[in-house]
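Given below, in the form of structure tokens, are the structures.
Note that chain A is present in both complexes that follow, paired respectively with chain B and with chain C.
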Partner chain A sequence: MLVVSNIRAGYDQIPVLHGVALSVTAGEVVALLGRNGAGKTTLLRTLAGELPVRGGLVRLDSQDVTKIRAYRRARAGIAHVPQGRGIFGRLTVEENLEVGTRAAIGRRKADVRDEVYEIFPVLRERRNQLAGTFSGGQQQMLAIARALCGQPKVLLLDEPSEGIQPNIVQQIAELVLKLAADKGIAVLLVEQNLEFVLHAASRCLVMDKGRIVHTGLTTEFRNEALLKELLAL
Partner chain B sequence: MEAAVTTLLNALTLIGILSLVGLGLTISFGLMNVTNLAHGEFLTVGAYAVYFTQSFGGSYWLGLVTAPLAAAIVGCALEWLILRHLYEKPIAAILATWGASLVIQQSLELVFGLGGKPVLPPVQGALDLSVAAYPAYRILLICIAAIALGLVLVLVRRTSFGLDIRTVIQNRTMAEAVGINTRRVYAIAFAFGAGVAGLAGALVSPLTTVLPQMGVGYLANAFFVVIVGGAGSVAGLIAGSTFIGGLTSVLNYQMSPSLVQAIVLLVAILIVRVRPNGLLSTAGALR
Partner chain C sequence: MKHRGRLVALAAGTCVLSIYPAFADEYHLTVLRDALLFGLFAVSLDFFWGSTGILSFGHATFFGLGGYVMTLVTMTSGLPAPSVLGLFAAVGAPAALAAIVGYFLLFGGVRGSFFTIVTLALSVIAQQLVISWSSVTGGDTGLLGVPPLALGGYEISGAMATYIVVAVTLIVVLLALRALEQSRWGKILIAIGDNEVRAAALGHNAPARLTLTFVISAAVAGFAGGLYVAIAGVVAPDLIGLLLSTEVIVWVAIGGRGTLLGPVVGAVLVQRAQQEISSMNPSLWPLILGCTFVIIVFVAPDGVMSIAERSRMLLRRRSA
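Presenting the complex of A and B:
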């Protein structure tokens, strides 16, 4: 599904990613781990098209999306839920979801908003409320719901558990796992919360200084000694 | 009574024009953070479009359709050639649009020659409103301006393109991430604002002589309107126009126009001192 080979990217003159390669298959949840500044968020932003790729390739199915702009990547099927969630606070819930359907333009005809409301009944109840009035957990649900409205093939999630109460974190982890399995979405997840990772992800990649330094099954990461060594927690 | 009705209608004329001119500014200044000093020229282009149409024997109504199109084309060219490269450099954009404003004025002079051009109104005479007689064309102007503003509100609040504009304005990066072509939305929104200013130019053209510099005076007033009303909101735009247009019309009845300008500016400064975000600010969401 998503195949990334040897990409380099960064901010203006400062390189951050020094040749990252990874792949995520349909229905799989892969977690990116690593210390602050390892380049995890930069990697997601680069894959979403927010930052230009300086070298290497990004492929989605058989399509090369390395050079195309962010909105066309979204329409090709890459959805990005950034850190801080990026919901449109001055739009209503309904409007946020409508805007989410723009990513399906030219690829899918059916409007899946009703289906998304089935998954998130709370959003249907509050469809006319301004999204900015929501709590952190509700905003995260809305951000994921908005991404689903674009019927993505790949979902990039940046710290979905950040600033959210623990009982909701568990719910979101289960939801991500279920969405990947039911809809065959490839999920690439940056997460500091290990509970979340152990629950949702099947594979983990560890990044350090702009490179992937370790790859393994999530079960392997239950070993605390290894975790300490890799993440220097 | 007669004076009151006349003043009210004068105020409505001015409010209508200021709202239409201010719309493009509230989009570019309030929402894209571009200080477009060439905005007055969109009005001028609209007025010249009516003159041009009439000089070929076309009707005022044909001119009224041509004017927003001509201004939108000029707006589109300005955005594509200059502004889109300067969204991250607001100071450079001020200089560039000032230059563009001079270029447009001089080009109009080169093409159409020196001196004012006349435009004939579509209706002549006065309408008897029982308490006062008022020029029929001005009443028509008020109606057209009101309809145009109503359509703008519907477009912004109810249509899918309006939603795209509101989304891009709140968070451009995220709008792009959900699949909106933000460059296209900026270009269309800018051209749309220019077109509406062109419509305002067409509406004022029969009331004045059409000159290359006619837009300059409206530019300053339109900036007052946007700043006093609260940048980036259609309701604020109408509030600002009502305030500036209303005050100007009432005072014009009592004293000389230059003193009126000074007083209006003073009151505008006081308002912005008390409410820095304007009368009705929605902080970055076109509503």
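Presenting the complex of A and C:
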């Protein structure tokens, strides 16, 4: 589904990623781990097209999306839910979702908003409420729901558990797992919350200083000694 | 609730405009008519500024360009239906200019205060240009004797006829822009204004949307300018310059940014106040305008239209 080979990227003159390669297949949830500053968020932003790729390739199915701009990547099927969620506070829930449907136009036919409301009943109850008045957990759900309205093939999630109360974190982890399985979405997840990762992801990649330094199955990361070594937690 | 309130306000405004001629003499009718034309101009600015949050400090460029183009077309003898052609040109020329300026600025990533400053410069350039190119524009004095509107052989002149044309045009444009704002288009603009990177990540081509919105805004401004010169019968550099660009911002800010109807109210109120105060003491006006502007920004940052809403909320809070 998503294949990334040897990409380099960064901010202006400062390189952050020094040749990252990874692949995520349909229906798979892959977690990116690593200390602060390892380049995890930069990697997601680069894959979403927010930052230009300086070298290497990004492929989605058979399409080369390395050079195309963010809005075209979204239309090709890459959805990005950033840190801090970035919901539109001046719009209602319904309007947020409507704005989210653009990425699917031309690629898929049906409007899936009703289906998305089935997954998030709490959003249906509050569909006419301004999104800016939501709590962190609700905003996170809205951000994921909005991304789903674009019917993505790949979902990039940046710290979905950040600033959210523990019982909701559990819910979101289950949801991510279910979405990948039911809809065949490839999920690439950046997450500090190890519980979340152990619950949702099947594979983990560890980043350090702009490179992937370790790859393994999630089960392997239940080993505390290894975690200490890799993440210096 | 908010949307219904605005619709009620628009209906109330329409009622006021339709009964006003019964009570006003010819002079006051023409005063309101001119104020409404500037109100239409204010609406055009609000359509862009209010939904995208990007301020154009040179909007008089488009209003004035519409005025000059209208003048030049209608004063050329031998054209069939000069008023219609003139209005088309008054819409088309500013739209084209906005497309060019918008393309370079908005696709180039110029936003926020940088956009404001560049458009301000545009207004200054435009004013210098019409002053120095006197063989075409009449220089400092402008051009007198712009023919009145004529449609199908009927000349639209006189206070009543021009008032009706202006009022009806204003209401139609308000309804059309309102419909556009309420549609999916408007939601996407708010989303882009809120967080452009996010909107792009959801598949929206933000620079293209912004440029098109800027073009529509400039077209409406040009249309207002074209109507204005045909009705006033004169075009002059003060229709294209920095002062008018500033005034229109004040009208929109006082009336309420992002409300469309508010800027009309702002334009009418401010111009009315300007006439009253200037007739008492001509040097007092800028001082009072400046103070009012500052007070509005502090007391009712969403404009005078929001005062009713805010006081209702205050009452509710007190009773609760």
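Structure notes:
The rule we apply is simple: the second predicted complex is superposed on the first by the 233 of 233 C-alpha atoms of A that agree within 3 Å, B and C clash if a C-alpha of one lies under 4 Å from a C-alpha of the other, contacts with A are read in each partner's own complex, and residues count from 1 in each chain.
The rule is short, and it goes like this: contacts are C-beta pairs under 8 Å (C-beta built on N, C-alpha and C of every residue); 3 or more make two chains touch, one makes a residue touch a chain.
All values derive from a computational prediction rather than experimental measurement.
Per the definitions stated earlier, placing chain B and chain C onto a shared chain A by superposition produces a clash between them.
Of the two partner chains placed by the overlay, chain B and chain C both lie in contact with A:A103. In the superposition on chain A, contact of A:G89 is made with both chain B and chain C.
Look at A:G150: by the touch rule set out above, it reaches both chain B and chain C.
Once the two complexes are laid over each other on the shared chain, residue contacts for A:G27 go to neither chain B nor chain C.
Contact with both chain B and chain C is seen for A:A70 once the two complexes are overlaid on the shared chain.
On chain A, the patch touched by chain B and the patch touched by chain C overlap at residues 48-50, 69-71, 74-75, 79-80, 82, 86, 88-91, 95, 98-100, 102-105, 146, 150.
Within the complex formed with chain C, the residues of chain A that make contact are 48-50, 69-72, 74-75, 79-80, 82, 86, 88-91, 95-96, 98-100, 102-105, 146-147, 150. By the touch rule above, chain C contacts chain A in their complex via residues 184, 187-188, 190-191, 193-195, 197-206.
Of all residues in chain A, those touching chain B in their complex are 48-50, 69-71, 74-75, 79-80, 82, 86, 88-91, 95, 98-100, 102-105, 146, 150.
Listing the residues of chain B that touch chain A in their complex gives 160, 163-164, 166-167, 170-171, 173-182, 282-285, 287.
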